[in-house]
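Order as written gives the chain letters A, B, C and D; numbering starts at 1 within each chain.
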Amino acid sequence: MPSFENIPPKKVGILGATGTVGQRFILLLSKHPFFVVHALGASARSAGKPYALAAKWKQAVPIPQNVQNIVVKECKSKEFEDCDVVFSGLDADVAGDIEMEFLKHDIAVFSNAKNYRRDPIVPLIVPTVNTSHYDIIAHQRQHHNLRKGFIVTNANCSTTGLVVPLKALQDKYGPAEAIMVTTMQAISGAGYPGVPSLDILDNVVPHIGGEEEKMEWEVLKILGDVAHEGSAFSLLSNTKVSASCNRVPVIDGHLESVSIKFNKDTCPNNRIPSIEEVYETLSAYTCEAQSLNCPSAPENAIVVTREADRPQPRLDRENEKGQAVTVGRVRPCNIFDYKFTLLVHNTVLGAAGSSVLNAEVAVARGLL
Amino acid sequence: MPSFENIPPKKVGILGATGTVGQRFILLLSKHPFFVVHALGASARSAGKPYALAAKWKQAVPIPQNVQNIVVKECKSKEFEDCDVVFSGLDADVAGDIEMEFLKHDIAVFSNAKNYRRDPIVPLIVPTVNTSHYDIIAHQRQHHNLRKGFIVTNANCSTTGLVVPLKALQDKYGPAEAIMVTTMQAISGAGYPGVPSLDILDNVVPHIGGEEEKMEWEVLKILGDVAHEGSAFSLLSNTKVSASCNRVPVIDGHLESVSIKFNKDTCPNNRIPSIEEVYETLSAYTCEAQSLNCPSAPENAIVVTREADRPQPRLDRENEKGQAVTVGRVRPCNIFDYKFTLLVHNTVLGAAGSSVLNAEVAVARGLL
Amino acid sequence: MPSFENIPPKKVGILGATGTVGQRFILLLSKHPFFVVHALGASARSAGKPYALAAKWKQAVPIPQNVQNIVVKECKSKEFEDCDVVFSGLDADVAGDIEMEFLKHDIAVFSNAKNYRRDPIVPLIVPTVNTSHYDIIAHQRQHHNLRKGFIVTNANCSTTGLVVPLKALQDKYGPAEAIMVTTMQAISGAGYPGVPSLDILDNVVPHIGGEEEKMEWEVLKILGDVAHEGSAFSLLSNTKVSASCNRVPVIDGHLESVSIKFNKDTCPNNRIPSIEEVYETLSAYTCEAQSLNCPSAPENAIVVTREADRPQPRLDRENEKGQAVTVGRVRPCNIFDYKFTLLVHNTVLGAAGSSVLNAEVAVARGLL
Amino acid sequence: MPSFENIPPKKVGILGATGTVGQRFILLLSKHPFFVVHALGASARSAGKPYALAAKWKQAVPIPQNVQNIVVKECKSKEFEDCDVVFSGLDADVAGDIEMEFLKHDIAVFSNAKNYRRDPIVPLIVPTVNTSHYDIIAHQRQHHNLRKGFIVTNANCSTTGLVVPLKALQDKYGPAEAIMVTTMQAISGAGYPGVPSLDILDNVVPHIGGEEEKMEWEVLKILGDVAHEGSAFSLLSNTKVSASCNRVPVIDGHLESVSIKFNKDTCPNNRIPSIEEVYETLSAYTCEAQSLNCPSAPENAIVVTREADRPQPRLDRENEKGQAVTVGRVRPCNIFDYKFTLLVHNTVLGAAGSSVLNAEVAVARGLL
């Protein structure tokens, strides 16, 4: 087993550092054992200012001391040349060009943006699910003619919550035939200023632009395989996903109501598992990030609750410091096999936390 | 067409008058063209007090002048003998005995409680859906040896929202094969004091006791038929319903995410309708309560919205004074045929409003 | 007493018609007995579009039928020449120039913006308080060389709530010596998109830019007199007002905690009134808009509540259709004389409702 | 300076352990350097059950491992005889008798209940304000004929927030002449189930039973002195406090709008301090618990913020792990001298956190 004990400090750059995802990156990295915040990038409007003045800080803990006076730079690769790795919390409207410019300058980029998730040679990695997709990096480097750079994306926040228990079940019972999911998503997922309070107080908004399409497609890539000798992804082909996405007046934590239909043919003995077996499979699930002892890996990738009215965003989102998915209410479905409810912390595992843990795995795999 | 113009005033009793459903009954009836609040019943603790002192009034409009000084009685039939009709907003733990005592004394009871919804000779009526189920009343009276009394229940608030569009679609395309629904329900559905604020502020509770079972069963009765020459109900037998119920921090208005699979065999020309046809079918739907010109009937039983982010509880719950179901976001489902979102005002059409409109239809049908 | 029965229809223009105050104007005027919405003005971006497309409508009732297809114009006086009166819900950053351009073209303007509130010849009128300030209009017309035009502003929403009970008390006991007030203001006061939800869910923001200064000064003008033969205002000179303003997660309705110190010298018999006398004085208060029978005047300008935990925004904001101020909890203050709590509907009496009622009084006074 | 390094473990009992204050005690003590949770007391209904079954746990972190299986006892002193100290989170309706029974059996009790706060020989201690009041314990023991037992109460949560900055200012400028305060209090202050959600969503409740009276009196005792050679308290006699208390939809954190009038005669050079001096005085304040290096003492008893819109409950309540009071917006008052806004974490420093820190000081003073 590799050890993280003797990792020398690695210089980290953060793109989109003043935004909500950027702020989470700063918090997660401020006490990291070997990643050290070294450079911060934001729009031209912020560039040149100390971070404490450039950012409209909206976190419940203050800006880390060592970050307050870092002078914000523009998001250009030459400003980040001495960084070992760059995390991107950029908005989608600028992330495409900027991240590509960094990649072409041979910089390793971990992106939270959606722009390259569908790129056929860019892995879309949820760190407690499919770190095996790093196997495509050699091919990606070759394709772009890179020595040490690469780009890895993490998934949409709602997708992230969903694929963790799906992966645990798929490992044991094969890919599901059908997944119907309805989300109740927190406002922090929309960034700042994000959702106007007049739209969400005493209200639910049954629409989040592009979210349903993301969930329905990303699941298939994440739960698929690296194929063709590490040069492509094969998506799940016999699994159907249908998502309905809603915004609710919750600060952090996406809750998802899920119905699942197993494929009997791929279940051991062609038998649909019992509820108890489902619970046990979820509880027993472990992933590479855990076996590598990554510092940000959760002790339990899935926290199982047996209480009738859990998980709940306010009570369960901090489980495993936000890096776990909490699953409960496994019960029979009149139409499919089972229904269950899951909760993911959308700004930790669902965003910046994924990138950080992804990068730790990359270190262990010798990619950084 | 019958006319409501010359209906003489009818004396109305309200059981459970101090509770939240009871308060809604009082509001809905306070300006009614022919129902006149005559007697109020509540627990022994409240009996003997003027209503304004007995009730912890929680409505946004004051207690109607003519109700404030009515002295509350105990819920015994002899106290309500001069009432033409009684509405019950009683809690389930007492509704069973009290409503039966009233019935046996030949009083017409419209109940919002769940106790008799599954009784094989008690109709479970959503007024914009299945008033045809009144056809069982003759048999019910015969069975209980009644002259003018009977009991009619209305449905669970979440069921009520669901069956209205389902009925419109069933009339045209036959009973659906499968209905998957996830609800996001308002706190007013739990009564007062109901949901503690610590449980629901910045939170969602993924569990409402008994609610999923109610939805999954009640739909089958409401959308079924009166059979055996008016002596029994035949439930839908080839429709599967699966429900997941959640409580969200919204005051009034249950939102429901629905996926529906039609039965191709019962669709005209064995063809699944297009999205446009679904919208048109929903828009064109009318019901008996409308053709009878009932004073509380909505102009549109279904309000169709084509905006991408509607219906929303705060903006749409007052549509048609709360007696409509608002439906929007009809779109393809990767697994079933279509997904859509609906909204029902849980304390109007979803509770007291159903009973009042049910009673108006009963008047038109000569039952009251 | 004048009568409103035979008023011929008056054509109304609304400036800033797509904003939140503009939307309220449309709702309040859509069923008005003699004001008829005739022209709508907004930014160049909206001009040329039918209102239903130009506005992001955020009200709980739909856009009135007769307004949906009105084509929005730019806010230029020549586009509104055939209007008898113009209501302005413009933002402060543009209201100054636009309203002045209208005024110079001899158009009567009722403005909700702050720009001219401190103008020495523009009246700042709360319709249930100081319609006597219309006495300055003759002078204002003379000064600007106008025949029928003039400009009247209404007050800040928080000021409006405060001055109504203060006026009732001042009429009887003379101007107060000191008024300490802490507000808890609704999010709708900030317009749309206004307050980001991340700022206000599970939170209170103890700051609203410029609000405290507005309250502390506007009270002195509104409760002062027209002086110098109708050519100037004399502000209250011996009253001190101190305000602390907070934003709370409430949709509509500003709540204010007030402490008041009377001036013993101006109280009848030099005696501070008893709590009971204060309650009676508040209950008995009437204003010119009521005696004129203005259609939008509340039956009670002040609704007095004696319940220990009222007024509350959700339960009391609709009192008198939002045109009353509700006052309760009158109790001794250890430092001043009394404390009390008041509630004002910030988007009705606190904004558009003031302008509409002001205009009705202007009609009765022959100014329109 | 005393050291806490060699303190042997002390056995702790918690009364009212299943309630919300009790749960906070468990969390605060679960990782304490020398207090060890040893016994848990609750009502007869809970007694005999393991804690995990007896409590309806509502915290965002799970029940500490070592507490889950402690069997709950009844609140009788003989069940707690081997405890070195007992913390009481009992409700006021039972706290009086139970705490007295413990006291009489010579047990040291730290109570969060209000029952003995006004007792003339029981100190009412806010740990960052008036630990000097421990000087009365010798007299209290003598009076009750105790060897090691005693009773200490902490203050009401709103009082606690107020007295910390007042103490800092009083130390420098003498007791204030007048303090006007309006609170906006979190729902957690009402316990569980506490405030019904229908009362507080989209609402503010301008009344908390008994709270204003508590604040107005407790301040005078806490900021007063121990007199008569340690046998009595002398309350502040020339300070007037007036409080208005409101409940707002916030989970944790009481916000208070304060106006203060200094006594010029007790200010250095008879000069009211400048705003800058007030800020500096607040920033510079330290207390005995800090100089003793108590493990739960905040680094800063007062966190000063200079941002225009702070403190805010959601962003500032966790400052110093909830043991600080955050103060900002110091600005001139038109009536008194200055206004400012403060925030206190009502369930940490405002409740259980006070008791724990009080007990640490008692250990340092050799009382435990």
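In this text, contacts are C-beta pairs under 8 Å (C-beta built on N, C-alpha and C of every residue); 3 or more make two chains touch, one makes a residue touch a chain.
Just so it is clear, the model here is predicted, and its values are computed rather than measured.
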### Message
When contacts are scored as defined above, which chain pair ends up with more C-beta pairs, A-C or B-C?
### Response
A-C
### Task
Just grab the chain with the largest centre-to-centre distance to chain D, centres being mean Cα coordinates.
B
### Message
Roughly how far is chain B from chain C, centre to centre by C-alpha average, rounded to an integer in Å?
### Response
41
#### Entry: Inter-centroid spacing, chain B versus chain A (mean Cα positions, whole Å)
43
### Task
Could you tell me the distance, in whole angstrom, between the mean C-alpha positions of chain A and chain C?
49
### Query
Going by the touch rule set out above, which residues of chain C reach two or more other chains?
58, 201-202, 249-251, 314-315
### Summary
chain B contacts chain D in the complex at 58, 187-188, 192-202, 249-251
### Task
Please give the residue numbers of chain B that touch chain A in the complex, ascending.
178, 180, 182, 184, 199, 201-207, 216, 240-242, 244, 246, 248-251, 255, 257, 259, 308-315, 328-329, 333-336, 339, 341
## Note on the structure
Per the touch rule, the chain C residues reaching chain B in their complex are 58-61, 201-202, 251, 314-315, 317-318
